[in-house]
Amino acid sequence: MPKILIIYQSKTGNTKAMAEAVEKGVRKEGVEVVIKKIEDTHVDDLLAPDGIIIGSPTYFAATTAEIKRLIDDSIKHFKKLEGKVGAAFASSGGLGGGCETAILDILRAFLVHGMIVPGFLSGGHYGPVSVGAPNQERKEVCTAFGAKIALLVKRLSAK
Amino acid sequence: MPKILIIYQSKTGNTKAMAEAVEKGVRKEGVEVVIKKIEDTHVDDLLAPDGIIIGSPTYFAATTAEIKRLIDDSIKHFKKLEGKVGAAFASSGGLGGGCETAILDILRAFLVHGMIVPGFLSGGHYGPVSVGAPNQERKEVCTAFGAKIALLVKRLSAK
Amino acid sequence: MPKILIIYQSKTGNTKAMAEAVEKGVRKEGVEVVIKKIEDTHVDDLLAPDGIIIGSPTYFAATTAEIKRLIDDSIKHFKKLEGKVGAAFASSGGLGGGCETAILDILRAFLVHGMIVPGFLSGGHYGPVSVGAPNQERKEVCTAFGAKIALLVKRLSAK
Amino acid sequence: MPKILIIYQSKTGNTKAMAEAVEKGVRKEGVEVVIKKIEDTHVDDLLAPDGIIIGSPTYFAATTAEIKRLIDDSIKHFKKLEGKVGAAFASSGGLGGGCETAILDILRAFLVHGMIVPGFLSGGHYGPVSVGAPNQERKEVCTAFGAKIALLVKRLSAK
């Protein structure tokens, strides 16, 4: 049975709320899902899942040092993540803006790992974004995003 | 039967040589392939294939105006390219450098279209790159890249 | 006396309105300014000014084919634009989003030309952005941006 | 008298060798320069200098978690770095590639700080790059880069 790991970093709770909405979408499609805070995530956690979704706050129009730490550590498993599905979402706070480049930072790392990255027609060009706390519409976008990734993971896992 | 369209732009013949090596890899996997120069490509050509591969020269560390023209025109088919596989490769000439950002320019457009973009473990982080004419090693990288995309297209097309 | 050239592309009038607000800011600082539509701009127009500002619509989260055409043509003057100040702003329409990556596309080209690119603390991380028609606040951001660039051009032109 | 701070991260010594060549170029122009390893750098060190140059290894085609840590911490001094000159250089190792996007990661943060970022006509589109240890030619590129930044800092510091 395919599995998805959602990793998020959240100080204000905004990215956490998005992560939980994404999780709901994944479950809807009957895919097993684990959700972890970045501080509870070990690089070895990246090995088992068929899909990895990272939710990041936006600092300086980029992903955070904490998430880049996990990405840098993942060199330990270079070539072992190939073919997994990767996706990302981001929230931004005070300064506004920069969510899209934050998401692209994460997607670039997934591509370097030889992972498979889907695009999205709504909610944010490269994945869901939210300025401040996600409202109901943003949560629905996150849930639809989670469902879409789950579907792709299922298609790619089918024999 | 799944189909792949390869579109390339080439003044010196370098990107053309890469495109032909990519085509060879696609054929190897038994996937139907059409190869077109950018000047012979119509935006409606994007509709039929299951996978679209674009090969670009690198001008100012970016893709070219001609390829951006095709991308801009593709708004006509927004939402109709969702779920197709997209990939790109690039050559650079005199100035050197910039191939990776040129490829990323194209991949970003594919993601906005809701397409599925795979990463690669060798030959270039986001797709094959060549400074000047591709040598034998670069051609082999291009062929392996074509084969890999063909395999992904087949997996995604299978019922 | 230092000169600034503002080039913009506008179908709906939104980028034009931003360009005119930028122009106002440049004039305020007593710097000579010429404002041109992209379709009236020749690559040789890039030679005389001390600062070049480009305003772009956002197509596929990127600058447009028309502006990339001007950038590609500017290879004719490679090495001759070194040390000029470069800045950019962008508007986005229907799809929303992508203004920041559109601006970065232009700034990357300016950097390849050896130009000098200032950042901004408000209105958009890399230059002013507007979703749809700029309101009064957005116009003021554009005017402040124009004034800031004019000041930098004056400082760099002083003996 | 204007000051430049060079910050670098180096495990293999390659980025350190580049940093020392950059330092030589800055000194040549008679600008005061301090050179610091990232692990010895405190975010408050960013306040005094007129120019900040960061040298980064390339991990996953991006700057490192350690340098992103410094960037994230620099929010403490948001608005206080405005108008300083910022530049970056990068080395890459085993995987090759990605230096340009690593440099762009740093330049984006400088732009968000309202800093002034110059481009370069040789040695790398956005700053010097080196695959592996810098050879004599690469060191000269780094020295020319340091001199160029020093000159810009002097011009901007002059009354």
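In order of appearance the chains are A, B, C and D, and numbering begins at 1 in each one.
Operating definition for what follows: a residue touches a chain if its C-beta (ideal position, glycine included) is under 8 Å from a C-beta of that chain, and two chains touch if they have at least 3 such contacts.
Because the structure is a prediction, the values reported are computed rather than measured.
A.B. asks: Determine the set of chains touching subunit C that also touch subunit D.
C.D. replies: Touching subunit C as well as subunit D, we find A, B.
A.B. asks: Specify the chain most distant from subunit C by Cα centroid.
C.D. replies: Measuring from the centre of subunit C, the most distant chain centre belongs to A.
A.B. asks: Which integer distance in Å separates the CA centroid of subunit A from that of subunit D?
C.D. replies: Centre separation, subunit A to subunit D: 31 Å.
A.B. asks: Report, in whole Å, the distance between the mean C-alpha point of subunit A and the mean C-alpha point of subunit B.
C.D. replies: About 26 Å, centre to centre.
A.B. asks: What are the residue numbers in subunit C that touch two or more other chains?
C.D. replies: 61, 95, 98, 101, 104, 108, 112-113, 125
A.B. asks: Can you name the residues of subunit C that touch subunit B in the complex?
C.D. replies: 59-66, 68-69, 71-72, 74-75, 95, 98, 101, 105, 108-109, 112-113
A.B. asks: Taking the touch rule as given, give the residues of subunit C at its contact with subunit D in the complex, in rising order.
C.D. replies: By the definition above, subunit C touches subunit D via 78-79, 82, 104, 107-108, 110-121, 125-126, 152, 155-156, 158.
A.B. asks: Provide the residue numbers of subunit C that touch subunit A in the complex, in ascending order.
C.D. replies: That would be residues 61, 95, 97-98, 100-101, 104, 124-125, 129 of subunit C.
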